[in-house]
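Structures for review follow.
Below, subunit A partners subunit B and then partners subunit C, in two separate complexes.
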Partner chain A sequence: MFFKNYQLTFMTTTFLGTLMAVSSNSWILCWIGLEINLMSFIPLILSDLNFKSTETAIKYFLTQAVASVILITAASFTALQMKNYYLESMNFFLFLALSIKAGLAPFHIWFPQVTEFISWFKCFIIFTWQKIAPFMLIINFNISVFTYFIIIMSATAGAVGGLNQMSSKILLTYSSISHSAWMLMLASLSLKFWTFYFLIYFFVLSPIIFAMNFLNFKKIKEINSSKINLKTKLMLSTLIMSLGGLPPFLGFLSKLIALTVAVKTFPMVIMITLVASSLVSLYFYTKMFFNSLTASLPEKKISSSEKKINKFIIFSLAGNLILSNLVLLI
Partner chain B sequence: MWKNTKLFHDTCRQCRRSLFPSNERGIQSTSVSNRFWESSPRGEYRDQKKFAKEYEKEQLKKLWGLKDGFRDLRDEVFKWTKEVKDHVTGDDSHLWVIHGDRDPVWTFNNKNTLSQFQAFSDSDHNEGFSKCELVMSPTGKGLFQGFVNTRPPKDGRVKYAGYCIMKSNDIVKSFKRRAHMDWSNYTHLVMRVRGDGRSFVINLSVAGFYDITWNDVYHYVLFTRGGPYWQFVKIPFSKFVMASKGRTQDFQERVPLTQISSFGIAAAKVDGPFSLEIDYVGLECDESFAEEFAYEMYRVPKYIANV
Partner chain C sequence: MASLISMRFGLLYFLSAETMFVEWEMFSFSSTSIIMILIFDWMSLSFTGLVMFISSMVLFYSIMYMEGDKFLTRFIFLVYFFVLSMVFMILSPNMISILLGWDGLGLVSYCLVIYYQNVKSANAGMITVLSNRVGDVAILLCISWLLNFGSWNFFYSQFVYSYEVVSFMVILVILAAMTKSAQMPFSAWLPAAMAAPTPVSALVHSSTLVTAGVYLLIRFNYTLGINNFLLFIGMLTMFMSGLGANFEMDLKKIIALSTLSQLGLMMTSLGLGFYEYAFFHLLTHAMFKSLLFLCAGVFIHSMGDTQDIRAMGGLMISCPVTSLYFIISSMALCGFPFLSGFFSSDMIIEFFFQGKMNLIMGCLMVLSTLFTLTYSVRLLYFSFFNNMGNRYFLSLAESINMLIPMTFLIFMSVLAGGWLSVYLFPMNFIFLPLWLKLLVVTMIFSFFFIYFFLVDFKVMKKISSTSGLAYFLGSMWLLPFISTFALTPIIKYGVKILNLVDQGWVEFLGGQGFIDKSKFISSKADVLNSVSMKFFMFSFFMGVLVLFLA
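Coming up: the complex of A and B.
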């Protein structure tokens, strides 16, 4: 109904590739899982059938393939020394390859160029599912100066890159890069903290992308337009504020817990950079809906299509508000 | 696809040979292209490429090229820091285009605007005898004028001739990266022109990084009235048609307004003088215009035309 047969096939293999990569205890099997994931995602990009899908697929393939080459080469060199391919053997180049795979700065240039021309659903997969394997493998690494460097660069690039962006997809891409900095910080500490942050990010992002897809929003100014009802605008605005980490929403909770657990381990510079980048990110999130709350535009009646998405958004909004307060009470 | 295999092309070549023995000229008058790969964005001929390669080899031999490279690196880093500063602190009014906004992109009232364009014709590439120029008119506006000559040169290579084009210069960012104009907030291209009654073609090039996109150009015909009165033209972006090297494509799509690399106007095909006076070229946002794409996209069978 929503997906064609070949899309379902490739989505299944994409998911299987990630599961294979996170389930293995050898770098060879991790690499195979990541390759299956990559090769399965390329046809999904090409299935969009627009002129730019070929260029997008080439860019995605080249970046991920280079990262895979670095990964398998580094794993092989490490195996020569350690006499095995087990995941305990860590290497700077392995971390580098996984950073490229996850789209962390300064290896993030391909990310907005790819997400600009793919559908919203594929964007959602790239923002969430495609990050699982690299981050779960990064969990094995110790904290190092390179980790600090990547966190600072990703936070800065995510914040600065999202400024003056017209396209909502590119804006959410830079937001994803910014969130990846937080995820990297938590992944360096523990699997539990990273999983917690990732699930909240997934939960907060999914209604936004669902709404953007349904309402066919390509530009950030379209939220302010008179094409949608004020109630839908308010709900979307609230969800975006949650993504930006504004209290009392769920997005704030994830950042609060991240700061609480990381402040003992990470230097203050990292904390300050992350909080400052969150502030800057909040500025461009606010730009998306500011005019809709302040300008007086003719109000449109809620259409039947809007009613369908409004139910989903209300459910997510309730979760954003209730869950965060529940966890705080506990 | 099997059409891109060597076997397919060998089979086609054999069919042609069997139909047309070697001592007779075939119907096909252009050389067979066995690949879709473009070796140069300028579409050079093979003998030109040989000279270009020799020139490049000579340049590389010179050691002072290294010094130039370091100086260029310093300049490019300065450009990059300026770009980042502009990105962070620059004006974001382009994000808030509303219904009714009409913004000029090029106003042809001074020589600075003319310097952002280049006018060339087939004679500049030794492919014809047309002439053109882009100058200031006596009324202080831009004037694109010249003479289209469709007589091809007798070099045994060119079959058809006769074009004159004015084209905006490519935007180049730091580190020689190609940049694009983002017109996605607008729905119409607007121009105030005074033509001579001739038809011109408006070209929006969306050339990208990869060679398969180098020849992607969207066209729309501009019909001018002639006469002393100015003409205001408002063309929706949904009407532009995609062609590659002048050949309209089977598979059509709306022009990707985030990837405009250049804007051009062409005069071709009809012998004789032409003149087009241009006041400005701009963009308009008309939210009441809901058309996404003007041409009905019928479904084609599988494995045909990019499906």
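Coming up: the complex of A and C.
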């Protein structure tokens, strides 16, 4: 199963914190919501009972606490300056704080170190849920030079960082960083586009995490060995390719729509960087499963856990393969 | 079947002179749209009808001919794909879909030539596909050149404002057609491609693949106009292959060279601007040439798979019906009066003689027609009137399954010429002096008998087997040698380029170099992961503090 029963207490407050931060009128309430989120995520990290979970929790706490400090300071400064209208002078720092919270480069150092030692489900929460609050708050800001800087850095860091890695969690971390770059570009435009991209990312990522959880794949070597049947291998490989943004799959649709929407507003360099980083990151996506499909190893029968995964993955596969083509046919 | 429907509509469309375009808009993207068009006019429909007719006959035939073959399914699939590509190419009005069909034709003909997997077939397939590839490159360049003119259709290129601009495209199209139809510099592959199974030769190398080039030129006829270059090349090919077939000893190679000769005739008529006559000759030639190949297949089958004509003799006794068909189609090929070959090739020759030309052209044309006759008669002599040269005393009779498709074809090849000529060209006015008009017919009848006397002379025997002249003329003026061995220095240079460029600095800049540099950068970036967090935090906090105060 995904999570233990006792983790439910703090999961509710995590979700509550995000919802509070998103639906708030002032920055102080945002800060409160984000702090609730942070504080209730720490016990979730600690409940893993790893030999490194304390260290992970401390790293996570420190980074996010620094971000919260910057946030509350900048929020106070805006409140101080506000007489009749809202001055945007502190937007830079608010944006900075939120990007540290989301794990965008160049503030992404904590991200792989944290995700390496927590369980798959917490990974999933960090990749998806913890990004909702920062991005939804970033929607309020205008596009600035700093936005361009972060997009380019995140794209590069996400692509290049994953090239030398062995552990599949860290690969997904760097993929999350590079997807965050795309999400940042869309969030600077409007809510609708970011929601679209985020939902597709969520939809594509969840069966992968589910499968990795069940099959207990920690390193790339394990995926590439033939412990799983050919059908499962094919399904997993199509899902990973969809995450990487390869054309007929769903992941490509999100990137395509992002490009067609953002090409009117963003300078061309950023588009090119994003697309190039997508291309380079395809390398480590392919590394995950390529050997399993091309090496000739003896086939094994389907085990019972695979049957459970397969049932789940098939639905997401249907979405991945068919949905994007249906949209394009219009 | 489909062929009959196609033919009927084709001829109907000719009468009403209408063309039907079927368009399918694949997708439109801002202001451009990608549309897939098929053209149905009388030429494409009748040609489709012909292709389907011949391919259905060949498929019936090949079930019997290739029985006992382990991979018959593969063979049938390949033939099917071939027909699909051919029909697609015929029905396309623009260069992109022509290229699709063209490439499909080249690829599938390669697969069919190497069907029997031995060294000779491999070499033959290689030279086939490489020669065709030159034409593919020409069409690709043509596509990119046509981007200037706004459309890839071939109708619009005739309206281009000045000829110099479109002349490059014309050169490319002629090059493509020359390589596909095995005209003079590129004719090495057609006799070599006889390493394919005989049904393949009947379908591919007699009627459809090699006529694809001629069909392309017919489609471009408004842009080409009257072309000197085509005239010369066609005449040269006709002459050379006719001469070469007289010295050749392999049955299928003789028939291949006769195909080449008739292709040269088609090119000549195109060069003169008579595209309708070229098309008509294409249709009728396909009928009797495929029939010739099928008969040759029966002969080869009955002699135990040898193709040498010195091993044949007395085949009239063992395969009577087939030899009847063989004689009839040979006569149709030569232009025997009122068989189908007469209506098509004779018409071209008479129209040729109506115009002004120099002595050499006239002589070459007469001589080439003569050669058609001589190699056909030579073939007849060696297969029927020779002493029994059979190495093994084996002769399998023809089977009824192989005869039925041949019967259909003989029916069409005898009658189709007359029917189509009355239908397509009801009024022909020919104005020739008497000796020119009678030249061809008297040649046919006289040389038919003269040849039987000639072939027994000792001098002829000595020339035709061992001398250097015979070697030169018989191997198509040393073309296969030039196309393969003489090009070796160029290929060696290509190997050098491969080592220097493709596996040299291009790798360094593109594939391997990029991944090395990326891995290097990534490993350096990973260092930060092992640095202690404390240092990072502190420096970051200090930085932000400075920013706040500034």
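The criterion applied here is as follows: the second predicted complex is superposed on the first by the 315 of 330 C-alpha atoms of A that agree within 3 Å, B and C clash if a C-alpha of one lies under 4 Å from a C-alpha of the other, contacts with A are read in each partner's own complex, and residues count from 1 in each chain.
Everything below uses one rule, namely that contacts are C-beta pairs under 8 Å (C-beta built on N, C-alpha and C of every residue); 3 or more make two chains touch, one makes a residue touch a chain.
Please read these numbers as outputs of a predicted model, since none were measured by experiment.
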Touched partner set for A:Leu62, first subunit B, second subunit C, both or neither: second
Touching partner for A:Leu96 - first (subunit B), second (subunit C), both, neither: second
Touched partner set for A:Asn164, first subunit B, second subunit C, both or neither: both
First, second, both or neither for A:Lys52, with subunit B first and subunit C second: first
Touched partner set for A:Thr12, first subunit B, second subunit C, both or neither: neither
A:Trp110 touches, of subunit B and subunit C: first, second, both or neither? second
Subunit B versus subunit C as contact partner of A:Ser190, first or second or both or neither: neither
Which superposed partner A:Asn291 touches (first subunit B, second subunit C, both, neither): first
Doubly contacted residues of subunit A, that is, touched by subunit B and again by subunit C: 160, 163-164
Touching residues on subunit A, where the partner in the complex is subunit B: 49-52, 54-55, 58, 116-117, 160, 163-164, 166-167, 218-221, 225, 287, 291
Residue ranges of subunit A in contact with subunit C within the complex: 59, 62-63, 66, 70, 73, 93, 96, 107, 109-110, 112-113, 157, 160-165, 280, 283, 328
Of all residues in subunit B, those that touch subunit A in their complex: 84, 87-88, 90, 92, 94-98, 182, 184-185, 208-210, 212-213, 216, 242, 253, 256, 258-259, 287, 306-307
Residue ranges of subunit C in contact with subunit A within the complex: 27, 515, 518-519, 521-523, 525-526, 528-529, 533, 536-537, 540-541, 544, 547-548
